Amino acid sequence: MDTAPDTAVPRQTSPPPIPVDAPAPVSDRRPAASQPPHKTKIDVRSLNFFYGSFQALHDINIEIPEKRITALIGPSGCGKSTFLRTLNRINEMVRHARAEGSVALDGENVADLDVTNLRRRVGMVFQRPNPFPKSIFDNVAYGIRVNGLKGDGSLHDKVEHSLRRAALWDEVKDKLHQSAYSLSGGQQQRLCIARALAIDPEVLLLDEPCSALDPIATAKIEDLMFSLKKECTQVIVTHNMQQAARVAEFTGFFLMGRLIEFDRTAAIFKRPSRKETEDYITGRFG
Amino acid sequence: MNRLRYRKFVNGVMLGLTGVFTMITASVLFLILGYLVYNGSKSIDWNFFTKLPVPVGETGGGMANAIAGSATMVGLAALIGLPIGFFGGIYLAEFGGKSVTFAIRYTADLLNGVPSIVIGIFAWTVVVVPMHRFSALAGGFALSLMLIPIALRTTEQFLLNVPRPLREAALALGAPKWKVIANVVVPAASKGIMTGMILGIARIAGETAPLLFTALGNQFWARGLDEPTASLPVVIFTHAVAPYEEWQRQAWAAGLVLLGLVLATNIGARWILSRGIAVQKG
Amino acid sequence: MRGGDEVAHLITLAFAASVFLVTIFLVWELWLHSGPSRHKFGFSFLTGTDWDPVQGIFGALPYIYGTVVTSVVAMMIAIPLGVGAAVFLAELAPPRLSNGCTFLVELLAAVPSVIYGLLAMYSLVPLLRSYGEPFLKATLGFLPFFQGPAFGVGYLAAGLILAIMTLPYIISISRESLLEVPRDQREAALALGATKWEATSQVVVPFARLGIFGSIFLALARALGETMAVTMVIGNDPGIHASLLAPGHTIAAVIANEFAEASGALYQSSLVEMGLVLFLITIIINALARLLVIATSRKGTAHA
């Protein structure tokens, strides 16, 4: 298990080393080349997103690295959730939502992919646990059944495998056919993760998954994210900077619909190149 | 890929099917209106609103007595039912203790669920039997019983919707509770309450069953409230089932008038409600 | 409590209590005036099949049968149509279309019963007589439900018009229940790669099932008590027939037709007793409906 990146203690003193008014050139936003090489899983170019006439995202350019954990931080309303939801096109459900620019998964524009297929490859965990009104077993099995994936191996084995990955198997193995609502909040959220993992997504999007959970449940989920690193690209939106510092190798800072800075987590927290980033990290706002 | 195509196919089929179901239902309203307008408008003329019915075989009759009778009995019902519902609703919203409120609300729901023909039976036992005659009073009483739960529920609902800070502000100024209710809470809820009441009146104006053996019917003007009285819905019924073509024509005309009134009231009330506050289910 | 408040409390309590009292009084009067027939026939009133005012023999079974049959036919048509339309309006339709259609559907609920009856008599019945029922006889005539002469009036016509009348209730309440399902239930299903229909039918509808069932029971209660439209197309035949094409009778219809001229205490009492039976049936169904609808709103979710 990888150790977490250097823990970030937000700096309390001294001004940033770079003048703030000039927007950082695009190349600054990509991680330094001297780091261990990684492929790009999701390549976003010039993404602008609109809800009707309101522009929620402005010219976002970002490369999400494969099989790493990327955190997106920023104050509420800054667009990080909106951005996350463009990656699996779930915000198409909103009326008058419009995207311009391109989001490419393994080189293919997601707008050209069949949306059902896209969502099989890019899974999502939501802010509040939202298990279906079904049994624990049926919740996990849902994605498998609806996509017709139960071909090889039995359904039961797949469900068990998922629940084990989510570190929930031991707690629920004797009550698989009870309602999902009989579980605690933290367990329900891990169930939702198991549900998302059951269809073997290549990417897992987590939208503030721990915001409704207590610290112990949060720790369990963070452990889970670590254990998934080798199998799955993860992007987590969080308003908890300590969490970002704990789990993510890369962090993007959003502010008012713009991606202000994107870099290795250590760099963001120790040597942010933008004043806005530093202000947020040191708690001057947000 | 085959499975995916199949799923998308099912998706499309279901979208179409449920859409068709919806269109069927929505178009029924247009069908009703269309049919009524087509059949009824031929018979609507000034006579219809001003003349009394004439014997079979003659022409030129109208249904003035039915229109007046309906208006009378609906008016009676409103006179009895609206205050009871209104003040009762104030009690439930403002004064009621838990169990008393529950009991009253429950019985009001019960009353609301009584089939209209059974309401007619009750009004018969209470008014017609002692009086030994059918009358507008009995009809008005029967209709009031249907209006009470509507007025009660709508008053209570809209009063409860008045935001608490509004009441608290008035109370904090030292006003006694009853004054707060009368001068602040009720006015704030008045638009919704009135709309609900109007909708309730439109509802009872169209009711037939409670009037069948309370007010019965009358070929002529009723000379008082204690006489059998004609009403629009009953007249529609009796004329529709009669074998005379002339009567059937009149039934269509009356139906058009009644439906026109009911729909106009409903649309108007909902329009008023939708401007400003959330629509409440009557 | 200060003086003015106490007066206000008492006055409003008096009005509220009168609602309670009048309802109790209603039940009492029904019980009282059905006395003669209750004492004479006892429970066999409910199973008796003869209705003979001249001889003084009254049995309610044909009317109970007709009430039940017409309501069942109505539900069988209205439930799929209504829930399907509700699903369309809540989940699949664009908002403007949804609001417009919902408005129309709610107006349908305001149309008086006698108007439905008028229309049914002169448009539905002829259509059934000339096309609908012959068609059913030709295709399904091997079933006992679709045999016998096609009059147009009868159980089928009544069931159809009842279905149309109860559709608005099912649609509007079910639609509201569906709209109350939390957004992230739908999104979670979609995020797993479900199609819109799959998400709707496998997740959203089950989630809202309590409210949907509630709406069905409510609609059923209305269908059972519906008088005028049914009276005008049921055919007024006091018998029990297996075929839906046959004319029949319902409790509400017989009371509507015969009460005004019923002479003699036993005759009147029998009609009142039938009203009592109808009342009891609708109380039970309504209570079930309220329980289901309240259960949804209180819990906020439909826990399995």
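Odds and ends about this structure:
First chain written, first letter: the chains are A, B and C, and each begins at residue 1.
In the analysis below, a contact is a pair of C-beta atoms (placed from the backbone, for glycine too) under 8 Å apart; a residue touches a chain by one contact, two chains touch by 3 or more.
Just so we're clear, the structure is a prediction, and the values are computed from it rather than from any experiment.
Using the contact threshold fixed earlier, the set of chains in contact with both chain B and chain C is A. Of all the chains shown, the one with its CA centroid nearest the global CA centroid is C.
When chain centres are defined as mean Cα coordinates, A lies farthest from chain C. For the criterion of most C-beta pairs in contact, the winning chain pair is B-C.
The mean-CA centres of chain B and chain C are about 18 angstrom from one another, to the nearest whole unit. With centres defined as mean CA coordinates, chain B is found 55 Å away from chain A. Per-chain CA centroids place chain A at a distance of 50 Å from chain C. Taken residue by residue, chain A touches two or more other chains at 116-117, whereas all remaining positions touch fewer. Within chain C, the positions touching two or more other chains are listed as 195, 198. Looking at chain B, one finds that residues 7-8 touch two or more other chains. Here chain A touches chain C in the complex through residues 88, 90, 93, 95, 116-117, 119-120, 123-124, 126-128, 130, 132-135, 142-143, 146-147, 179-181, 192, 195-196, 199, going by the rule given at the top. Against chain A, the residues of chain C that register as touching in their complex are 94-95, 182, 184-195, 198, 202-203, 206-207, 301-304. Only residues 7-8, 10-11, 14-15, 17-19, 21-22, 24-26, 28-29, 31-32, 35-36, 39, 83-92, 94-96, 100, 103-104, 107-111, 113-122, 124-126, 145, 148-149, 152, 176-179, 181, 199, 202-203, 205-209, 212-213, 216, 233, 236-237, 240-241, 248, 251-252, 255, 258-259, 262-263, 266-267, 270, 281 of chain B touch chain C when the two sit together in their complex. Residues of chain B that touch chain A in their complex: 3-4, 7-8. Within the complex formed with chain B, the residues of chain A that make contact are 114, 116-117, 148.
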